[in-house]
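In the two assemblies presented below, subunit A is common to both, partnered first by subunit B and then by subunit C.
Let's look at the complex of A and B:
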């Protein structure tokens, strides 16, 4: 029982960052119809930005998080303007190939800049775990889950409560009608991609200190983000949040009770099963295949 | 006219390659190019003719490699039985994935194929009793032909050359048959194709089975050549390399993937001195982006289009060439 609770807590910590990754990807996928295989590379970028700021410049942890978010947003906007805007209107497969190219190019740039050795990212939190009854949780992990929750709430407020968010939702529902109503589609796309990339970078900066930073860390992050999007349904923010938590818990339980070697298989199996049996996502009210 | 001369000349060059190639190292590069040509042809059947991108193609390659190596090592089967078994095993996997995943199209198909490759790769790492885990399977025996061992590079080169030629012929037969025309029809306009009675899923699954079986053959050839199989055969790098070869050479053409395979095996080897491996992969990413922007149809269609324009009006475009 205690073990189960511990797994659940660990799963929620992981799941919080998965949700961040998934929200970013579901916005980009749903709103721009871009299958962003480079999403995980922005996660890597966030981790390395945090590493540079913390370990090399010696700035505080919050500055590192802010730097990662800024780096993700700037590079995301840049990629959208140079690579995606000229291809708007091209088939989804053409754009997908470009994103695969970007993924490979970004990953190997990280490899060239930082080398293949995994880097541990320093953090200011005490390593002694906090004990809450039967549960142990490292203060860092507690911070990670809190920061992820805050960022998810911020994203939700932005989408639901601001003018910009309304424009984004309108673009998602019907691009042409939104354009006719005066929504600047081009700018919305740039902002969406920058915003999604910034969330991925934030996830990288948060999870980086928990694990390690290495150039190929984005591969699994991308696939997990896709699992979350598929679990939650395309463009579904609440679905992505729940899907992220669900995936985190399922992975933790799978690693704890089945086999730790197959931890990463949980996401793969989730993708396959959901796409085959509930292609609109777990939380869709009615089946719709688009 | 020029086309036919070119085909004869390159066939002659390939057959006599061991005689005029300076070093065994160059022959090694050609052998790998042959293995990749089979892989590129195989991926092209799906990507070029059905329009569905399999980003898990390394899984079929790896299944072929492991099947062949395990049969040869554990059951001491001859290569000549192990190779077709590898094709059958990979083909079965292709059938299962095709049946399940080809209900989906586009990005969703891509994700299912990636996930499948991910699961298979994890199995190869974790199933210690069967695969020896990350340590891999050393000592895969080289093929024997009667009293001769095909251990030398020259002999193996001819084996790979024959297999690649066979793979080309299989693709040629398939593409220029009713099936190939059905596939192209489905790629171009699926509802229209189905409305004239083409059973979409059936043809797509067939293409997936043939494609996977060919990749399995390449895997078997690779295993008995390097004589070592490890979970690295499932590396995503292999899939990316195949995709680049097909896109660069020209998807939806038969010659394109072969040209792409030769180019993208020889080029990195030629640049090996000047360029670190990471630069090379970085270049792959950039090349892919540049190709989509500036040469979306690939090298071979671009050249044939130019030649056709030069000999204006002499011959119509070949069937099966991708429209875009």
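Let's look at the complex of A and C:
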């Protein structure tokens, strides 16, 4: 029983981080129909930006977080302007190929700049865990989950409750009508991609100190982000959040009670089951199909 | 048309024969190196490469081998077995190297091995621990690192002094990790130690909380940990987050205790590590003078100190191949293979000499390396109390 509780806590904490990875990806897909294979690289970028600011420049932790978000947003905007804008109206496959190219280019640049050796990112939280009865949780992880929840809420508010969010949704519902109503289409695309990339970079800066920073760290992050997004339904923010939590708990319980060697397999079996019964994802609304 | 085709064939043949051949007295002697220079275990691979470069520069500074310089052709296997196989093929077919050193991880080495047999090129294995490396009946494989059984036997004499009563295992889900759990488990059971959980983690996994929670539930006193330094760091940190109170013993020699102290901090305190080189006290190595010189050269080049426990493998691997080239007098794959059986010298780790291992008639070579145990104490690497004189 004690073990089950600890497994559930572990799973929810891990799932919160998966959700954070998933929302940026699902946002870009849902609003722009771009399958962003470079998502994991913006995550890596965030981790290294945090490392540079914290360990090399010696700034405080929250400045590093802000710097990582800024780096993600700026590079995201740049990528949209140079790579995606000329491709607007092209088929989704063409765009996908370009994003795969960006993924490879970014990962190799990271390898060139930082080398292959993993870096440990310092953080100001105590390493001693908080203990509640039989449960243990590290303060840093608690902070990461809190920050993830705040970022997810902020993303939701931005899209649902602001003028900018309305413009974003209008653009991606019907580009021509939105343009006729005076929405600056080009700028909206740039902002959306920058925002999704900034969320990935934020995830990297938050999770970098929990784990380690190394050039190929984005691959695992991408894999998890895609799993979460497929699980929750492409383009669905609430779906990505719940999908993340579900995947985290499924993996944790699978590793705890089935076999730790097949941890990832358990997560994917869960995804296959969901897709068998709800092909558009757990939380997709009917209109997203097709 | 036909004339032109014949003519271009002739031009091609001329071009091919004009390339310096293997016997050229002035051409460098090429040695292939396959290491994980990127990917999850990149740190270790890069350190091995640095050690290999020291060996090359030392040998070249002494005039090379009968006037010919050593040249390393280095390939990245990206911590991926598939890449290891294609790297071996590229080195053999395109670069025409007569011998290879590689490929760090057991899964990578095992994936590259069929290529050695296919083309008939020997490989000195510098790191891999899985027993299967020398048991597959591949007569082109010569290993200078200890297989897990040898390591387990080396530790057997200390089991009582370490106070191991009930042990759990956590290992990377590769040939190396699975082999280590088998070997150490067998050794411990024979000595009457209870064996609890045997858990695995994927090579790229970063969150090991599920495994740690499970291990916490067994009530054991010791955790044997088999993986590369990156994952050891994560397991130590996450163990601390969950208050996992265990004696931790890492196997495989890739723990780099100095790096653990730097990156895991207090979480590394008290942990034991099986290593094959003790750069903290080089004078205690079989050839103290060589070990000291290696450490000095490493520091002079500005390489990170924590890389030394991997770096020496690169030195010893290249030195072994060069010894074989010297003995055979030529840089041809078969001659080097035959000469490897006659190699006998002392490397940074200790004496290197190959004995037969594996199915009769197709044996691989296995050297008997020296094995040491160190402990992290007060943020420093020290000899455990029971080893102090």
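To be clear about the criterion, the second predicted complex is superposed on the first by the 272 of 290 C-alpha atoms of A that agree within 3 Å, B and C clash if a C-alpha of one lies under 4 Å from a C-alpha of the other, contacts with A are read in each partner's own complex, and residues count from 1 in each chain.
Here is the rule we go by: a contact is a pair of C-beta atoms (placed from the backbone, for glycine too) under 8 Å apart; a residue touches a chain by one contact, two chains touch by 3 or more.
The structure displayed is predicted, hence computed values, not measured ones.
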A:111 touches, of subunit B and subunit C: first, second, both or neither? both
Which of subunit B and subunit C A:158 touches, first, second, both or neither: neither
Contacts of A:129 with subunit B and subunit C, given as first, second, both or neither: second
Subunit B versus subunit C as contact partner of A:264, first or second or both or neither: both
Contacts of A:282 with subunit B and subunit C, given as first, second, both or neither: neither
Which superposed partner A:219 touches (first subunit B, second subunit C, both, neither): both
First, second, both or neither for A:55, with subunit B first and subunit C second: neither
Touching partner for A:102 - first (subunit B), second (subunit C), both, neither: first
First (subunit B), second (subunit C), both or neither touched by A:142: neither
Subunit A residues contacted in one complex by subunit B, in the other by subunit C: 111, 219, 259, 261, 264
Touching residues (chain side subunit A, partner subunit C) in the complex: 3, 6-7, 10-11, 13-14, 111, 115-118, 120, 127-129, 131, 136-138, 141, 211-212, 214-217, 219-220, 251-256, 259-261, 263-264
Of subunit B, residues touching subunit A in the complex: 51, 53, 55, 100-101, 103-104, 106-108, 110-112, 114-116, 118-119, 122, 125-126, 236, 240, 243, 247, 276, 278-279, 281-282, 284-289, 292-293, 296
Subunit B partner contacts - residues on subunit A that touch it in the complex: 35, 83, 86-87, 92-94, 96-98, 100-109, 111-112, 219, 223, 226, 230, 259, 261-262, 264-265, 267-269, 271-272, 275-276, 279
Complex contacts: residues of subunit C adjacent to subunit A: 36-40, 42-43, 45-46, 79, 173, 199-202, 204-207, 209-211, 213-214, 216-217, 230, 233-234, 237, 240-243, 262-267, 304
